[in-house]
Structures are given as structure tokens and as C-alpha cells.
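Both complexes below contain chain A, partnered by chain B and then by chain C.
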Partner chain A sequence: MTEKKKTQLKVLFSLIALLVCAGMLFYVNHYTRPTFMLRTVLQLGAIYALVAVSMNLLNGFTGLFSLGQAGFMAIGAYTFAIFTIPVKSRSGVYYLYGVADWLSNIQIPIWAAIILAGLVAAILAAIIGAPVLRLKSDYFAIATLGFAEIVRIIVGSSPMNRITNGSLGLKLIPKFSNFYFPFIVVGICILIVSLLIRSSYGRAFKAIREDEIAAEAMGINLAKHKQLSFIISSFFAGISGALMGMYLGAITSTTFNVTLTYNILLIVVIGGMGSITGSIISSFLVIAAREWWLRFLDMEIFIGSFKVPLLKSGFRMVVFSLILMIVVLFFRRGIMGTNELNWNFIINRLNKKKKTGGESCE
Partner chain B sequence: MTTNAFLQYCLTGISIGGIYALIAIGYTMVYGILRLINFAHGDIFMMAAYFMIFSMVNFALPWYVAIIVVITATVILGVTIERIAYKPLRSAPRMSIMISAIGVSYFLQNVATYLFSALPKPYPAIGFLTKIISFGGISTSVVTFITPILTLAFVFILMQLINHTKIGMAMRAVSKDFETSQLMGIKINRVISFTFVIGCFLAAIGSVLYFTPRPSVYPLAGSLPGLKCFIAAVFGGIGSVPGAVLGGFIIGLSETFIKAAGYSEFSDVFTFILLIVILLIKPTGLFGEKITEKV
Partner chain C sequence: MSEKVLSVQDITMQFGGVVAVNNLSLEVHKDEIVSLIGPNGAGKTTAFNVITGVYAPTNGAVDFEGKNIISNYPRGKMEKMYAGENKGKYKKVTEPTPDKITKLGIARTFQNIRLFKELTVLENVLIAKHMRMKANIFADTFLLNWKEEKKMKEDSLELLRILDLYELKDEKSSSLPYGKQRHLEIARALATNPSLLLLDEPAAGLNPQETDELTEFIRKVRDHFHLTVFMIEHHMNLVMDISDRIYVIDFGKMIANGTPNEIQNNQKVIDAYLGVAEDE
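So, the complex of A and B:
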């Protein structure tokens, strides 16, 4: 088989896989009850997949350990909410403090608001990135964490009452117009990120991750590329914040606390630092486990008169953090390591299986 | 602001600063030796508060026994965490061990929520500590008054320990160069465990002093003080004990005065801005060592 034919075959298979995914979504949308857990898991999973990919771009591909993702999500979500809450219901939302005059009559379409959410997050990233990116690994982590906290506190503070509704938060944010909306937005965004990673910029990011000094010696402009990675990552974090706002319908500043960043980090680590498909797979797995499969851990279960020990509210999260610790300590590469789940990967895996006589090579 | 009010705020600020200093020492010593931000330290501090509730409310121990129990339990917790979560990652990249620390912090918060529920629990009052004393027009509780004194006493003892004992010398050697000190026959694991013992001991003391004048404990009560104390450690120059103490006092004082000026919403914002500013102007902090980059 020639190279060209192989590529054509791979494209064909990719299209088939895409169609299968679309067909599954169609099935879920039309043939399941609206309260079915899978619908929630898929939508929330897609949103987390986007933010996990954006964090992975920074932490996994560029090697900058950022803990500020929740802050950028907060900016995105608030920007989106402020400009899209229907004008006629604003007085109800801002019932206590009233809405700022310049804001009271502005309402922009959903798609524009989503892009604006990303842009505002990106602009803020550009402003703080210039000084903060000079810091070395742990200091950078703690500075971005501090930045996220600053954003959260300012957004929920009283001088912002007439814009962000202070500690009361915003509600009546427009919901998804149809079931497919989040998947389309997330799909486009992740496609852009994966194209970026395959470009020369992506290679430069990886070079910086492997060895900064060597990368600089090879002629990569460190400051420029770090800044670029930080801004792009924040842009997509902002967009996922907007989607999160749409999904939740109501947000307060406490929605975006440090725990959210830790949750995203958990997804990235389980999926493998430096693998986009890993992040996507693990976000769906993690959300499904957290919201659906492990729900029973929070409930007291009786088998006959025997009460299953340990199970009570909160146990789910304990099990969850144990899984994270086990992954960190024993499976440091996560599900995918730095590999991507593509046809080459699958073919290599299958060949390896044949060679080792069909032994499982997990 | 009258002189009396000013002195009152000073006392409050120095007191809270003393507690920050005690916790910041834990951060700075662990960072000095392992080059690790121990994200779990704030949560160890929170767990110490729950241990106190347990021993005084559930087991009805007198306060002096309870404090000993709390210190022992906290130290055991800290050393266990080091053994399980940090020791296997000695040779791993820095990022892995940091993620492990975040994982421990996440785990402790969830365990506390699971065991003690997310609802705030009242902190037991230690009789003589909550007594109000007044002198020269300033009235304050005993705990506010003795906190800075206790802090300085502990710091003095700690400095003696670090500068004039064998284990202290070993600690200084390890923080200078990990591998060389290992070659010199220093038992690295013992030194690291000892560092955690000191850090957790001070965190337990800090926990008692911090929560006594406060109404309640909840599972996330440790995360914000933890971050602030880390900032104090960075401010003073991470790795340096006197720096951490000074940083703690400065952050405690500035926070109190910002609250007094009526901007209590923004006191934490100020602390974080202080962090970013100090990192940009003098990344090594006030007393930090100059680190030269080696290829």
C-alpha cells in the first residue's frame, strides 16, 4: 500500500468515526428521555474537555504549570452572562443593586458573546502574561493561582455590584438553544488547538517543554511563544467558561474557586499531560464517573438488613481523590501519556499485539 | 484613628501575623529542602483543628492533654503524607511532585468533608485563652496577646536548632545540595521527615492559636490561610526561616490595617497583588538566596 493510499484510508476511517459519533449524539438526542444522565454527562464532558485541552496546551505542551484556569473561566462566563442576559429580565436579575446605565440596553447575539468571552480572557492573559511569564515553574503556578483568586474576589466584590451583581451572582443566562450546540463549539475549538499543535508553533511549544535553554539556542523566541501559548489557552478557557455559564444557567463567583482548577488538573493528569485526545477521553470518563457511575457511593445502601460500610454523602469525592493520587503515584503517564489516539497509534498497538502473541499490552 | 485604636489594630495584626509566621515556616522549610510547594500544608493545619474538636468535644479531654494529642496526630499525619505521596516521587520531574501535593490537598479536603461534613463545626474554647485582659485602654483576649510571644519563642528555639545542632546542620546541608549531602552520609529521608515534623508541629500550634478566637472550622478553612502563609514565605524569601517570620508579620499587619480602613473585601486581593509584585521585583524575596541557573 502506498503512503498516499494509506493517508486516504485514514481520512476515510476518520470520517466514518466522526459520523458514528454524530450518529450517537443524534440517537441520544432523539431516543432518550430528557432527564437521562448520559445527556448531562456528554454536555458537561464536552465543556470540561475544552477547558482540559486548553490547560493541557499550557501545562502539557508548553511545560508552564498554570493554576489559573478557573480565573479565566470566570472571566469568560461573566463576560458572556453580562452581555446575553435578556434586556427585559435584567431588572429581575439585578433586583438589589440595579444595572449599570451603559449596560442596561446592550445585548449581543450568543455567538458574538462567546467569542467576546474568549477575547476578554485572552486580553487579560496578555496583560498579566508579560510580567508573570518571567517566573520559573512553581512561582508561575502560585502567581497564576493568586491571579485566579484575585479575579474571583473582584468579580464578587461590592464595587462591581452594578455589573456583576456582586456576591449574588448572575442568573437567567440563556441556555443551549439545542442539544448539539456545545459539541459544535467544543469541536471547532479543539480542532483549532490540535491544528495549532501540529504547526510550527506547536513544535516550538514542545521544544520549550523539553528544554528551555536548548529551545532558545535553536532560535525559538521564548517570551513570544510562552506568551502566545498563555493567551491561546486563556482564550479557550474563556470560551469554555461561557459554555459553562450557559450549561449552569446561573453563576456566582464561588463557582470558579480553586477546586475547579484542581478538578481540571485532575482530568489533564488522568488523560496524560501532553495528549489532546487523552484529555478528551479522560474528561468524558471523569465526568461520567463523577456524575453518574459513582453516584451510588454517596448514598447509604442496604443489602437486606446489612448496611454497606463507608457509604455516605461525600465518599464519592474521597474515592475520586484517591484515584487521582494513584494515577499520580503509579501511572504518571495517565491514559495516553504524550501519545495521541489516532490511526497510527491504533495500528502500532495492533502490530505490537500480534508480535507479542496477542498478549494484552495495557 | 485614635492612638488606642491604632495600638489595638497593631496588636491584632501582630497576633495574626505570628500565626501566619508559624505556618509559613512549614512551607519555607519544606521548600528549602525538597523544592516543593507543599500545597497540603494548609489542609494539615485544617485537620489539626478537627483533631482538636475531636479530642476536646468527643473525648472530653482537658485542654493540655488535647493539645499534646493534636500535635502528635498532626505530626503523624504530616510524616505519613510525606512517606506516601512525596517520597516515591523523589526523582520524578518537579511538576509531578507538585501535582501530588495538590492531590493530597484535594484528598484531605474531601476526607474532611466526608468525615466531619461540610457544615462549620464550633471550635472548642480553651478557658484561660479566651479571657479578656485590658491594659492602658486596650482590651484583648489572652490568645491575641500571647500569640506573638509564643511565635518568637518557637522561632528562637528553631533557629538554635538549625544553627547549633547536628540535625540542624544536616538540614542546612541538604537544602544546599541534595545529592552531595547524601554522598556525605547524611540520611536524607530522616532529615526530610524531621523537617515535616517541625513544620507540622508549628502548624498544629498555629491551628490552636488561629481557631481559638474564631467561631468555627469547615473543610476549606485551611486553604486560604495556607495560600497566605505561602505568600508570606515567598515574600520573606523562600527557604529562609527569619524571612518567613518577617513575611508573616508584614502580611498580618497589612491585612489588619486594610480591614480597619474599611476594605475588608479586598484584603486578600492585596495579599495576592503583594505576591505578584514581590515576585516581579525581587523573585527571591527579602532574604532569599540568589539562585544561579545552571545548564
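So, the complex of A and C:
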């Protein structure tokens, strides 16, 4: 088969796969109850997928171990909320402290607010990037973690009362206008990230991950490329923060605490550091397991008159954590490692199966 | 005499109280293969690291193709501690980072191979082409510069073809045999379009047959790309076979320089390598 034909086939298959996904979403939207858990899992999974991919760009592809993702999400979510809460309901939201004068009459369209959320996060990343990116490995992780906490505390602090509503948080954030909205936004964003990864700049990022000294000796400006990666990663974290705000409808500063960062990190590690499809798959799996499949462990179950031991509220998280430990023990490099789930990967796998199958027959 | 490509002037590199390179001056001319040899710990790799911008020298200057690219004098804490010579001769401070040096046209390889292990052979070479890219990150992401990308790829494949690495282009670089990894490292350095190639112990860890192959490889590279080669090497066969001139350093100081023949018969060099008997 010629290269060209192969590419054509791959494009065809990709289109079919896309259509199948769209069809499944359509089915879920039209033929399931609005309270069905799968709807929640899909929407939340998509949002986590975006932030996981953005973290992976930094941690998995550029090799900068950042723990600041929740901070950038918080900035995105708050930016989005501040500019989109309907003007007429602002007095209700800011009932205790009142709203800042300059803010009381500004309201921008949803799409503009989403982009603005990303931009504000990116600008902040550019500002803190210059000093923080000088640090290496663990120190960089600690600095970004500290940054995330500072952001969280500042938005929740009393001097910010008239802008962020302080510790009361913001509510009445516009919800998704329809079921497909988050998937479209997340889809576009992840597409952009994957295009970036396969570009020359993406290769330069990978070079920095593999060997900083060699990358620099090959003429790659470390400071510039690290900064770029940090800003882009924060941009998409900001957008996913906006989506999270839309999904929840109400946010407080505690929504974006350290636990959120660890959840994202966990998704990235389970999916595979350096694999975009890995991050996507693992975010849906992790969210589904946590929110849906393991729910029954929180309920008391009786078999006849026998009460199953241990099952009570909170036990779900114990089992969840155990599964995580097992996954990390047996798949040390995550589900996908640094591979991507694309047609090449599938074709190679099938060929390998065929080959080994043939040998065992002889 | 042909034009000077590299001229190192009075370089002293001092770490705390330790003088690793002491007042080293040397010259490399166009189309030459020059070797830098010396016993272990003599300061050869440090000298390389100064030339490629990894360390800023404590004192001294480096010129490349007639232009000053590196210059420094003892400052700050070093002002009092400085134990070298020529203090006060240099007044300028130019401390470029390694990527700037590479952009000027000095490419290097490493003593312990530093390939991008998880990436393929082709990707390794493509990365070296990245710094010459004109497109910004947005144009590059959205494939607006597909012509430039295509050219980069074609150039890289052409380079791999010339260096007999084409068959391996889709292999992970860490899966190559050791000798081929050495070749790839040189190929990757060549992809930056250098005029001066610095090789840091290219034959380290190679068996005699692979060393012979490498000798041919270096010659081929020099002739095909019209390069100047400056290398550190321990394999004396390789050094004597390939070098036009040799510099010998010991304890950071240059002790001899000349053609391979002169060096082989130089008493100082023999003493440095074999040691001198205390009482004779």
C-alpha cells in the first residue's frame, strides 16, 4: 500500500471515528434521562481531559514538573464568572459586599469570556514564568504549587470582596447552553495542542524533556521555549477553568484547592506522561470510576438479611485509591506511556499480534 | 596559511580555588582536523565547555571566524581568588548561552552520548534544524509554514542518506547500536549547519572496527561538508591517523603542539602520559 493511500485511509477512519463519537453523544443527549450519570461523567470528563492535556504539555512533553494547574484554572474560572454573570442578577450575587463600580455593567459574550479566561491565565503565567522557570525539577514544582495556593487565597481574601465576592464565591454563572458545548470547546483546544505537539516547536519541547543540555547545544533557546510551553499550558488551563465554572454554576476559592491539582496530576500519570490520548482516556476512566462505577460502594447493601461489611459512605474513595495504586504498580508508565492511540499505533499492534501468532503456530 | 576559524586566547577557567584550564591559547584553521589530547582530568572537556558557552571562562576570549564571541575577566568573587595569568588584559564581558554559539555555527557532540533517547532518528535531526526556523509558534502549529516544514524534513532525510543512516530513520534513537548512536550524534550536530564541528571523544566506548569506521566517517564528513573539525580524543591511533595538528594539555596547561609526528617524539608529552621517574 502506498503512503498516500495509507494517509487517505487514516483520514477516512478518523472521520468515521469522529462521526461515531458524535453519534454516541447525540444518542446520550436524546435518549437518556437528564439525571443519567453518564451525562455528568462525559461532561466533567471532557473538562478534566482538557486540563490534563494542558498539564501534560508542560509535565509530559516539556519535562517541567508543574503543580500550578489549579491556580490557572481558578484564574480562568473567576475571570469567566466575573464577566458573564448577568448584570441584573449581580446585586443578588454580591449581596453582602456590593459589586465594584467599574464591574457592575460589564457583561461580555460567553465565547469572548472563555478566550479572555485563557488570556488572563496566560498573561499571569508570562509574568511569573520569568523567575519561576529558572528553577529546576522539584523546586519548580514547589514554586508553582505555592503560586496556585497564593492565587486561591488572594481571590478568596477580603480586599477582593467587591470583585470576587471573597470567601462567598460566585454563583449564577451561565451554564452550558446545550449538551454538546463543552465537547466542542474541549475538542478544538485539544486539537490545537496536538497540532502544536507535532510541530517543530513541539519537537523542541520534547527535546528539552529528553535532555536539556543537548537541546541547548542544538540551538534551542531554553528560556524562550520553556516560557512558551508554560504560557500555552496555562492558557488552556484557564479555558478549562472557565468550563469548570460553567459546569458547576457556582465557584468558591476552595473549589480550586491543592486536591484538584493532585486529581489532574493523577489523571496525567495514569494516562501516561507524554501522551495526549492517554490523558483523554484516563480522564474519562478516572471520572467515571470516581463518580459512577464505584458509587455503589458508598451504599449499604443487603444480600438477603446479610449486610455486606465495610460498605458505607466514603468507602468508595478507599477502593478508588487502591485501584490507583495497583494501576501505578503494574503500568508504571501509565496506560499509554508516551505512545499515542492513533491509527499507526493500532496497525502496529495488530501486525505484532499477527506476527507472534504466526510464530507460535510453527 | 589559511584563515583562522577558531581562536582561543588566554582562556583560564577557575572553579573556586581549582584552576581547570590555565591560560590556554590555540587556533584552528579552515578545513583542518585538530585534536586536543591530554591525560584524564587535564581539562579538555572544560575547554570545550568554555568554547560552546556551557561555562563562561574566568578570564580570556574566544574568536570565531574573526569575530569575538566570548570574553570575560575575573569579576566579583573571582577578582580576589583569581590564580591565573593575564589579569587585566581583557575588559569586555560577552557570555552567550550555548544555543547562541550553536546558531553562530559551532556544533558539538558529547563525551557520553546525549541523544534524545525517546525520539526517532529523524526527529533527532529535525530538532537540530528547529533553530533556523523562521515561522513563529502560531504559524507552525496551524501548518501555515508547511513549505518550510517540508524543506526541513527533506534536508534532514538528505543528510541521513549521505551519512548512511536513512534506513534507520524511524528507529528510536536509543535502540541503535552504540556505534550508530555516535554517528547519529554527529549527524545531529551537522544538521545545525555548522562551519566548525567539535567532537568530544567520539570514539569513546567503540571497538577497534567501529573506531576505524568512525575515522572514515569523520573524514567523509569533513570533505563532504567542508568543515573544520576540532576534537578531543583518547584513541591515539585515531588521533595520529586523522589529525593535521595536535594540541596536548596537562593539568590545564598546554604542554605541546604540532603535527602528529612531532607530538609522538615530544619528551614532555611522553612524560605527561607515562609519568616521570622521581630519581634517575
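Assume the second predicted complex is superposed on the first by the 355 of 362 C-alpha atoms of A that agree within 3 Å, B and C clash if a C-alpha of one lies under 4 Å from a C-alpha of the other, contacts with A are read in each partner's own complex, and residues count from 1 in each chain.
Following the convention adopted for this analysis, a contact is a pair of C-beta atoms (placed from the backbone, for glycine too) under 8 Å apart; a residue touches a chain by one contact, two chains touch by 3 or more.
Fair warning: this is a prediction, and the values are worked out from it, not measured in the lab.
When both complexes are overlaid on chain A, chain B and chain C end up sitting side by side without clashing.
Of the two partner chains, chain C is the only one that A:Glu210 touches; chain B does not reach it.
Of the two partner chains, neither chain B nor chain C is touched by A:Asn29. Once both structures are fitted onto chain A, a short way to say it is that chain B and chain C open up an angle of 80° at chain A, using Cα centres and rounding to the nearest 10.
Of the two partner chains placed by the overlay, neither chain B nor chain C lies in contact with A:Thr40. Contacts of A:Ser104 after superposition: neither chain B nor chain C is touched. In the superposition on chain A, contact of A:Ala141 is made with chain B only, not with chain C. In the superposition on chain A, A:Leu228 makes contact with chain C only, while chain B stays out of contact range.
The minimum CA-CA separation between chain B and chain C in the overlaid arrangement is 8 Å, rounded to the whole angstrom.
Touching of chain A by both chain B and chain C, each in its own complex, is seen for residues 213. Only residues 52, 54, 97-99, 102-103, 107-108, 110, 114-119, 123, 126-133, 135, 137, 140-143, 149, 152, 188, 192 of chain C touch chain A when the two sit together in their complex.
Those residues of chain A whose C-beta lies close enough to touch chain B in the complex are 59, 63, 65, 131-132, 134-139, 141-143, 145-147, 149-150, 153-154, 157-158, 213, 258-259, 262, 265-266, 269, 273, 312-315, 317-318, 320-322, 324-325, 328-329, 332. Contact residues on chain B toward chain A in their complex (touch as defined above): 35-37, 84-85, 88-89, 92, 94-96, 98-100, 102-107, 109-111, 113-114, 117-118, 223, 227, 230-231, 234, 265-266, 268-269, 272-273, 275-276, 279-280, 283, 295. Considering their complex, residues 192, 195-196, 199-201, 203-204, 206-207, 210-211, 213-222, 228, 232, 274, 338 of chain A touch chain C.
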